[in-house]
Structure formats: structure tokens, C-alpha cells
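Heads up: the structure comes next, in C-alpha cells.
Chain lettering (A, B and C) follows the sequence in which the chains are written, and residue indices restart at 1 in each chain.
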């Protein structure tokens, strides 16, 4: 006969925490932030559609206010995937939620309630991470699809023909959320100022190292993610130009190599985060 | 307006440091609204010098009144003076001479107790060295001498109450606003806090307005009281006078149809309150006595099993004021 | 023994008149930040560019072959541009918790029960962020100008580009004020410093993403005013008398910057109160 008081194993325990954490995440005020982050691109897409209905926008001739536009709908969608999702939404949500997995509980002094339950501490992190992943995916992926259906038909784009690229984008964004979430889950469990560390990594370290020659770029997540993107990189700022230049002279990694690298980073970061949570003593009120 | 209310309104205070000194705070027809909800409705009140209790059930408007006097809330109408100065015209001069202990947990995060209290002293205009010296002295006075180098974030509820008092005292105010100062304190801590408040008001010359819903606290620490209910002042004056207001109190226990008897008492103009056990408290006019109670018992066919003269408490005053309002 | 037996003495000393509490708040905030060792490393890191540029100035002044790195007004403009990342980091590090932590600990009631106004409180907090941001932008930029004169042993460059001192000061002030007041306004909206930091990062990066998308779609930069960073950069180019980088008229960019500052000031005026009124 099974002992009804026995502590649940890691998997079931993580699922219990996931169950609790998902509801918490979906109905917290942070969801407002997530809705803004994921809703912003949709709003821009709606504005572009509205612009398309104005007389200044001549879709047939590919002109806006008489100025020729070199992009079509799929190109604009690709541009938005880069500027909004790969460079903004995915890392920002990864930093925000990933660093909060444990830090939030410490800040709110509720970590005691979690850690005094008969579940492994690692399961607490794993469960909350799973909740983060489901929560962000449920909000972000529909946002990508909405943008796709709003933007791709502009300037003669074909929804059906570009659909495979959309599937790749969805997978790419899902992978980005998973890997960034795991990396920043580790940062949140480890550092006292996880948010700043995360922001410096995403907006300081990554943009810099991906344009540096040599092996430094392998110490980032963005490099592997960008290698999987089916769209051309936009040429907005100086760093993008340098990166495009280097990509053309250096042999990029293949798809499988990028996927393997992301999987290794994901597994290593998540395992390390669980280990840190198991061992670290969290001091409340400081 | 009854005799005691009138007495308080003219500022003719008695007891403690009241003497003939002018009132420390005065409100005339003050109304405060939060949206459609009226927190204070045409409040006229006078707080003489000494220790004055601001009494009322939760939601009566006590905290709003204090925050209005502090200038945190702008009233919809009426006039207010604190320490003889108009609240609207001279808020900074008032706050320089005033200490406020808020009801909720409040501190400057990330620093230890002595740094926090010294910082509050500096904000109130004390030079750095004086602020630090007074921070040590005040922390000692409120019983936190041993814990003064600990981060305030790590304090217990009782300690947080004490440090809130310390920050309110550090610049040596002439008037202290204490909002529920014994909340969350254990019995001993509560006694010590009340002893401190008495000491400040009676021996150190610091005027105190103590807002509380706990009647014994107000009765222990204050000489006078202003009773608020649903945003209105329903009674004010010296506690001793309010308690002795031309009524006599009795403890009474009867056997028989108690409900009919109580109804009969009320019909006869006798005030009647339940207590925790089966003994009721009855309050009758000064011109009547125990004989009248026996007569009423006979008339309603109940046996008197226990009848003892009692003293009218602040609770009786409070219950009467609330009931009448 | 009753605790009040330890005694309480009335204060007989002097008091400073109201109006100087902002300096007390600023001083305490600055000291608090400087006592955090990781923050000192951030500051040190933020000065790296200064040291690199100082070496370049030395070489340009003393090595004839290093003509290519000779300073110009654009050098100082670029310096501010490249300090932008540290402005972001320092603003988040210093500013995110300034009001949020006070709101979390209900400290506003304590502050505003003292003889100080809401404006003094905001000014004190603003001074903390501005001081550190000025320390990583305006101070090193002016020092670089001074070093240029010292390394060459001549005031010719400074005289020739006399507008650089007011330009550095004006742009430095604008950059520091925009970052500080925006961060403080966001900090007044929440009780979590981490949430505030994220909001700030989100606002800055999102506005830039919108600009980059519109730039890609329209093929022009006339809509740069939608981005905080781009608007400030455009105004900066005009202040430093270099070719403006975007098609947007600089007046529009200045208006966009002014709008953000005014909006932040309005948010602060609404949010910094002794009581939180929920109707």
C-alpha cells in the first residue's frame, strides 16, 4: 500500500507547482505587461492595415505617399519578426519572467510557503518555469499569427505560400522563450540583482558579441536563434550592418547545429538553476 | 450640543497639560469625500492640549481626519487649524512641529533603525550631528536601544510600531498624531506603548492625538476623547465627564423571559447592553435607582438574581454615542 | 523597568528652515548607492570609454601619424552616443527602486509628514539619478575636452569649438533629465523595482522597434520621433552641429522629448501623494 504522506516525485511535484503557477501568472498584473509586449506588434500591424486603406498607400504600385517601397507583405512580416519578436518580445519576456521565477517569491516573502511544502525545491523551479513557458507561449504565439494574417497580404503577399515560414517563426519564438527563460531562471536563482544582469546580457552583451569575430558569439543565445530565422536580417543600425557583413564572410552554423546548441544551453541552464535553488539559502527581507 | 460637548468646543480643557492653553487642533465644518463616499461630514471638533483620544469603529474616518490635518487630503470644505496655524496656508510650519505615526507599516527601506530615525530627524530640519544624537536617545526611549543597528525590514510587528513612534519623536514635536499605535502588539508591548504615550503627554509636554478603535487604550492614555462615527463627531469632551453624564450603571442578571424584560426596560427609557456572560449592563437616569429596576422586574414577572451598582465605562459612552447617531 | 524611564529630553538645538530637505534626500540616496560595491564596478565600467578616448586624444596630440583620430565636435557627439548603454544601465540600477521601494514600504507617509513638499521629495529623488547619470556623461565629456587642451598644450581646439562647452552641458542635461524623469515616473507606478526596470527597458526598446519597423516599411526616417532614443539623438546632432541623422525636423524631435518629460512630470505629480486614494 502506498504511503499517502510520501513526498511526490520530481515530475508530479513540478506539475503541481505548474498548476498553481499558471493560474497565478495568467491573472497577475504582470500579464498586463505581457499583453503590452505581445500586443504592441499587433497594434502596429493593425495600423499598417489601416494605412493600406488610405489613398497615400498604393499597394499595386508599391508606393507610400508617392515614395517607392521595396518591401512586400512577407518582407514586412519578416522585419517585424526580427525587430519586435527576436530582438524585443522574446528576450524581454525571458528576462522578466525568468528572473522572477524565484526572485518574486523572495521579494514577496512567499518562498517560505513553497519551500516548506513536501516537494523538492528543484521541482518548484521546474513547475514555475513550465508555467512561464505555457503562459508566454499562449500569449505571444497568437500575437505572431495575428501579425502574420494582418501584414502578409499587404502589397500583394500570399498567405498560403508563406505559411511554412510562419511555422518556422512560431517554432523559433517558442524555442527562444524556452531557452531565454531557462537562462534567466538560472540568473534569477543565482544573482541578487537578476533583472539588471539579464538586461545587460540581452541588450549589452548579446548585440556586441554577435558582431565580434572569433568564438565570443557562441556565448550568446541570440546567435543561434538568429541563425534559424527564415527572414533576412534588417539593416537598421550599425551593429546590424556589421553583423550582416560578417555573416557573409564567415560560415554560419547549420540548422541542426543551432538547434543542438540551443538544446544544450536550455538543458544546462535549467539543470543548473534547479541545482542552485536546491542549495542556496534565500534571506528574506533584504 | 450637551454640556461636555460645548465645553470641549470652546477649548476649556481640563486635566493633563490642558490648562488654559489654546487647543492644538480645531476643525470647523470640515468635509472630505473620496469620490461619492463621504469620509468626513461637516466635522466640528476641538482637540485641547494634553492627550486626546480619537475614537471610533473601523471606517469611522479617524485616519482620514488625521491625514486631513496633516495636509495629505484636501478637504471639500471647512477650515482647520493645527497649533494655531491654518492647515492650508502653513502646512510646512505645522509639520515641522508635528510628529506622525501612521497606522500601516511604514519605513525607509534598506537602512538600519538608527540611520532611519536620524534621517527622519534631518528631513525635519535637525543638523546631522543632532539628528544622530537624538536618534540614539529616542530609540533608547522607545525600547529599541539593543536593536538600533538592525535593518528595519527585519523588525517584528511590535518593533515596527516602536520605530514608527521613534521617527515621529526624533525632531521633538509639540504635537503627535498616533494612528492605532498598539496594532499588532503583544499585551506587554501594548502596555509599554501606552505607558510611553502617557509619559509623553503628562510629563514631557508633548500633546498627543491618539486615534484608536480600542476603547481601553484610549481610556488608559487619554484625558479627553472625540468620538467619530460614519464621518461625524458624535461626542467629545473629557472622558471623566462623559462617563459621569447623569446616569447610573448597574450589572443585572434575571431569570424568566429575558427578551420581554429587556424590551420592557427599553420602553421605560432604560439603556441596556449585553455583556460577554449572562449579565447585562443597564444605565438609568440619575433620578432613578435599584428600586425602579426591581419594580420593572416585578411588572415583567422575572426574578432578579444579581444586581450590583457599577461604574459607567467609556464603552458605555461609546455605545450610547454610536447608538444615538 | 518601564522603558520610558530611559528618559526623553526636549530638543533645544537649531533647526534649518523648510526648503532644504531635497538635499538631505539626495545626499542619503547618493551615499546609499555608493555603499553598494557592485554599483561602483558599474560606474568604473561606464568610464572605460573615457579612458580609451583619453588615450586617443593623447596619441592625436603627440603622435603625428595619428592624425586620423584627431578630435572634432563629432568625437564628443559619439562619446554621448556610446555612453547611451551606460545611461540605460545606471538609470535602471539607481532609479528603478527609488520610488517603487518607498511605495512598497509606505515611506511616502513618513516623508510627507515631515516639513517638505512633494516637489522637494521628487527633486531629491531626481537629483540622485541625475547625479550619477551626469557622472557618466557630462563629467567625462567635459574632462575629455579639458584633457584635449592639456595634451596639446593649447586652447586652440577649445577656442575654435567654443560651442562645445554649452553643447556638452545642454545635451548632457537633456539626456540625463529624460532618462531620470522617465525612470522616476515609471518607478512611481509600481511597488516592484524589477517591474519598473522592465517597464523602462520595454518602453525604450519597444519605441525603437516601432521606429525600425516603420523605417523598413516606409524606407525613410521621417518617423524617428516615435522612438525616445532616436528623438534624443536627432536633437543631439543639432546641438553638436553635426549632420542630423534622420529626416525628422529637429523641432519635432525636441517636441517628442519635451512631451515625454512633461508626461513623466504629470505622472509624478499624480502619483506622489501622502495617501493613495482609490475611488
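Keep this in mind: a contact is a pair of C-beta atoms (placed from the backbone, for glycine too) under 8 Å apart; a residue touches a chain by one contact, two chains touch by 3 or more.
Since this is a predicted model, take the numbers as computed values, not measurements.
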| item | value |
| --- | --- |
| Most central chain, judged by mean C-alpha position against the global CA mean | C |
| Which two chains share the largest set of C-beta contact pairs | B-C |
| Chain centre separation (chain A, chain B; CA means) in Å | 56 |
| For chain B paired with chain C, centre-to-centre distance based on mean C-alpha positions, whole Å | 47 |
| Intercentroid distance (Cα basis), chain C paired with chain A, Å | 29 |
| In chain C, residues with contacts to at least two other chains | none |
| Touching two or more other chains - residue numbers and ranges from chain B | 153 |
| Set of chain A residues in contact with two or more other chains | none |
| Chain B-touching residues of chain C, taken from the complex the two chains share | 2-4, 6-11, 13-18, 20-21, 24-25, 28, 32, 101-102, 104-107, 109-117, 273-275, 277-279 |
| Residues of chain C touching chain A in the complex | 38, 85, 88-89, 92-93, 96, 192-195, 197-199, 201-202, 205-206, 209-210, 212-213, 215-220 |
| Chain C contact footprint on chain A (complex, rising order) | 30, 33, 36-37, 40, 44, 48, 64, 67-71, 75-76, 79-80, 83-84, 87-88, 92, 95-96, 99-100, 103-104, 107, 193-196, 199-200, 203-204, 234, 236-237 |
| Interface residues, chain B side, partner chain C - complex | 34-37, 67, 70-73, 92-93, 95-96, 98-100, 102, 104-111, 119-120, 122-127, 130, 134, 137-138, 140-143, 145, 153, 167-169, 171-172, 192, 195-196, 199-200, 204-205 |
